[in-house]
Amino acid sequence: MNIENKLLKLSSLEGLVLKLNQDGKQVFAPVKKDNIVNFAPVSAFHEMTQDYIVTARSAKFVVFPRVETILEMQFSKDNITLKDKDLSSIPDAVLLGTRPCDAAGFKVLTSIFEGDYIDNIYVTRLKKTTIISISCNNYDAKCFCTSVNVHPGGTAGSDILLTRIDNDNFLAEIVTEKGKEIVNKFDTLFDIAPDVNKDSLVANVPVEFDLSAILGKIYPRFESDIWVEQSLRCIGCGTCAYVCPTCGCFDIQDVSDGHNGQRKRSWDSCGFDLFTLHSSGHNPRNTQSKRWRQRILHKFVYVPEQDNILGCVGCGRCSRACSVDMNLKEHLINLIGELTK
Amino acid sequence: MDSIRKRARELLEKNTVKVVIGYGVGSDNTVRAIFVRRPEGVEELIFDETCVQNLAVYLLKNEIKQIGKLCIIANISALRTILQLASEHQIHEEELLCLSVTPNGELLEFTGFKDIENYISSCNRDLPDKESEMIKKLEKMSVDERWQFWMNHLSRCIKCYACRSACPMCYCTRCQVEYNQPQWITVEATLMGNFEWQITRTMHLAGRCVNCGECARACPEDIPINLLNYKTVLTVKEKYNISAGTNANIDSVMSSFESDDKENFIR
Amino acid sequence: MSDFQPKIVAFVCTWCTYAGADLAGTSRIKYEPNVKIIRFPCTGRIDYMFLIKAFANGADGVIVSGCHPNDCHYVSGNFHARRRWIVFRELVDFLGMDVNRLCFSWVSAAEGAQWAKIVNSFTEEIRQLGPYKAYMELVKKDKNESVF
Amino acid sequence: MNEQNIYMPYLMRIETVRDEAPFVKTFRLKFINEEILNRFTFKTGQFGEYSAIGEGESTFCIASSPTLKGYIECTFRQTGKVTNALAMKGEDDVIGFRGPYGNFFPIHEWKNKNLLFIAGGIALPPLRSVIWNCLDLRNDYKDVTIIYGAKTVDELIYKHELKTWDERSDVKLVTTVDPGNETPEWKGKIGFVPTVLDEVAPSSENTVAIVCGPPIMIKYTFPVLEKLGFTSENIFTTLENRMKCGFGKCGRCNVGKVFVCKDGPVFTYKQLKELPQEY
């Protein structure tokens, strides 16, 4: 559908949050707690913070929770019953205040969870989630979205994109049918769009490296020493994968007490030794450098080749969360240097 | 700083060591670990009060051990870790060389664990003030308030195990949580699992923690898990008068005993 | 006295407390039936995870009991255990668990009456404290559908 | 059964349990649901996710031939939580199964060729499926040679089937055990599989080699095969990596660009040569 422009006043946005809540939707927005900004349920607009570049954790948990029951089981004396997940129990949700990079991240997750085998739990969650993003008017040193073809005012992945015009007004771009539904339902809150130049309203994030210097060129360097070099200071925790908006790798575990049980899907990280360990004790990715290589190649080679979409959206969360300063942007620039040597 | 660079250069030029683990400038003016393998690389080394990371965590990392003999630029936490690791027979004197700088800028070179012990005995090993106060504050709370405090914090835990990875004393090749027969602690990051994981982590570090605070620094969710370790540090100190990381030839606190250990709760 | 019947799990060593509990039985000493006894070779074998898991599975109180100091069948198991308990008790107290629900005791094979006394008094204490709601809340949260 | 949830296993009843070797068992499984029982098909080489419900899932190949209808078989060694739980199950117990997943051996392309099967230890099950599949279509193929080795005599699996193959005149079977582990009654060869292969020296003319075994065996077998004149596109193998989902989502079984679960598990040596060593 064609993108339709509207005007949303700040006061109307406040009203929208209330109305969405009244409408039975769970509204998630960035909330500042103990000096960290993360998505949390809000019942009123004032609970949301405006002071953030991106949240510490990504918004992926709304569609891909960190622990999710994928089926339930019941055991009786000589019978086992499996109970499918009740997809209708998944609540309607609204994500307010995601950044264009977060929204673009959902596209990557979708490419993983759809495909030959469609993961209906993910698909239903996404379908029931309306994403109202807010364009970035600021950025920090860890951001590199423009270098990976994501724009701080980009509409990809969002249902509605808000761009701040001034203190009291937002430009609302209605991107999808789902966004349109919200507008139709609460049409009194939206006004006719003014004529503004959106590009002048969003942050001008500099392009820091040439993506084409990486794409299609790192796979031949699979055995390069650069992976060892880069990952020497990596301590092998799973933080980068857990805060990443596009990391979709998961683990499946059964939890049972002998009468009832659940099969649960939870986040997993390629940074862990256990991720690929065989039961024989053999491990195809037995060192941290191999696991680091897997992470980079997955985002910049495997996902692009399989799904025709780049696996990184340049939000820089991994670099912010890393306790040993594994800065992804820096490593990519360093990688380009190595490739062009 | 110059003295460190000079000495590191000498060590690398003479091939006494193969790699110097030290601090360098990271992205956005932060400090991070660097691994210097060529003499000209020593210019990147820095050392000041912002160099807080406990670099001893790298001493047991395979890919670094493989490079050859190590030299580590150690702050007090790292020195204490080295002593504790030595007492647990994880590192040997001939495998590494330690450099450090005193608060007034004097270069120290330790030739053996005895040297480190002597230096450490004159250093301040107390818990940081902020954390000590926090522990006191928590102790004054009611049981319910404390429970609420920890539940609030632990509900954020995403089980990334950064606390485990960042801890230089968590060197097990296979962690208790990675065993699944029985599965003591759930793989998923659920609240009870998070709670049990922190109990496990703290108990396994009881009497071994050198209070470097690396666990809390690594936590992406800013959960003050170091307080748990610090609490056991205080308990061990009070009950058994032992501080970890002061002696390279000491039995582990939790696997030794005195026949007259004092307690007042056993009926 | 309330009607609440607490669930109490006792982790005991086979050489002293288990024999002591046995003696209480053969001596026909009556004591509260709320205790479920789990026998271990030695108190040194009693891992702190057992205590946590007992609470996770619905215990309202936990007793840990073994040989008196210097009486351990394996010479030093109870000394090791004591060290562990001292640290563990301080830690869980700091985490906000109710340490009044943890009872540690030394009961020898000859102390059948002492065992009955400990069980009776501890059961009464737990009865006063009521069910361990805080921990049950935690367990319930664990079973929740999805965790965001 | 709800078709929508891709993680939902089918329930299967264990018809028979057979002990193959110490800690190795074979289950014969039958779908409880009649409709699925009738509808279910698979191709040789494909695998499934078997679940000890309440304990977790584990990945094994389907060890029976697709020509046998009405049931499937799986063979596994007890190594961890799930396989131990499975081994506790007996006849009439219920387990879960998802599948079939992955690609398969192109047995139709092998028509009128000689077949050489080489397996080591617990890696015979995937080949057993192919062997029986080909033997059931015996007229389509020329000579069939099977070289199978294990550490000890005891650890050779499918002993009764080895006997059947040995007795058949249209199959040449060579069994071997590691040096030092032979028993006084042992009639087969003694030596590691690659060495025995070198000794037997089957002709590479119009022949396809199908290899499966532990990584170390595979590593030393490929050069011997090449020495014998096999071209890399005529050498097939089946890989295994840790898996959770079975359909390319959980992200752990990839070898470089390819997912073992989706693009594999069957690969030719030619394909493997182009892949990095991540298996």
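Brief remarks on what is shown
In this document, chain identifiers A, B, C and D correspond to the written order of the chains, with residue numbering beginning at 1 in each.
Everything below uses one rule, namely that a contact is a pair of C-beta atoms (placed from the backbone, for glycine too) under 8 Å apart; a residue touches a chain by one contact, two chains touch by 3 or more.
Everything quoted here is computed from the prediction, not taken from an experiment.
The greater number of contacting C-beta pairs, out of the two interfaces B-C and B-D, is seen for B-C.
Distance from the centre of subunit C peaks at D, each centre being the average of the chain's Cα atoms. If you average the CA atoms of subunit C and of subunit D, the two centres end up 50 Å from each other. The geometric centre of subunit B is 34 Å away from that of subunit C, both derived from CA atoms. Work out the mean CA point of subunit A and of subunit C, and you get 46 Å between them. In subunit A, 66-67, 251, 253 are the positions where the chain touches two or more neighbouring chains simultaneously.
Touching of two or more other chains is recorded for residues 147 of subunit C. Residue positions 80 of subunit D are each in touch with at least two other chains.
Those residues of subunit A lying in contact with subunit D across their complex are 70-71, 73, 75, 79-80, 82, 84-85, 87, 112-113, 115-121, 219, 222-223, 248-254, 256, 258, 261, 263, 265, 268, 270, 275-280, 282, 284-285, 290, 294, 297-298, 301-302, 305.
Chain contact summary for the complex, subunit C toward subunit B: residues 48-49, 52-53, 56, 69-70, 76, 79-80, 82-99, 103-106, 118, 134, 138-139, 141-142, 144, 147.
Interface of subunit D with subunit A (complex): residues 2, 4-9, 11, 51, 53-57, 79-80, 83, 94, 96, 214-215, 240-242, 244-245, 247-257, 262, 276-279. Here subunit A touches subunit B in the complex through residues 34-36, 56-57, 66-67, 141-142, 228, 231-233, 235-239, 241-243, 251, 253, 255, 264, 266-267, 269, 272, 274, 287-289, 319, 321, 323-325, 327, 329-330, going by the rule given at the top.
On the subunit B side of its complex with subunit A, the touching residues are 26-28, 30, 32-35, 53, 57-58, 61-64, 158-162, 164-166, 178, 186-190, 214, 217-222.
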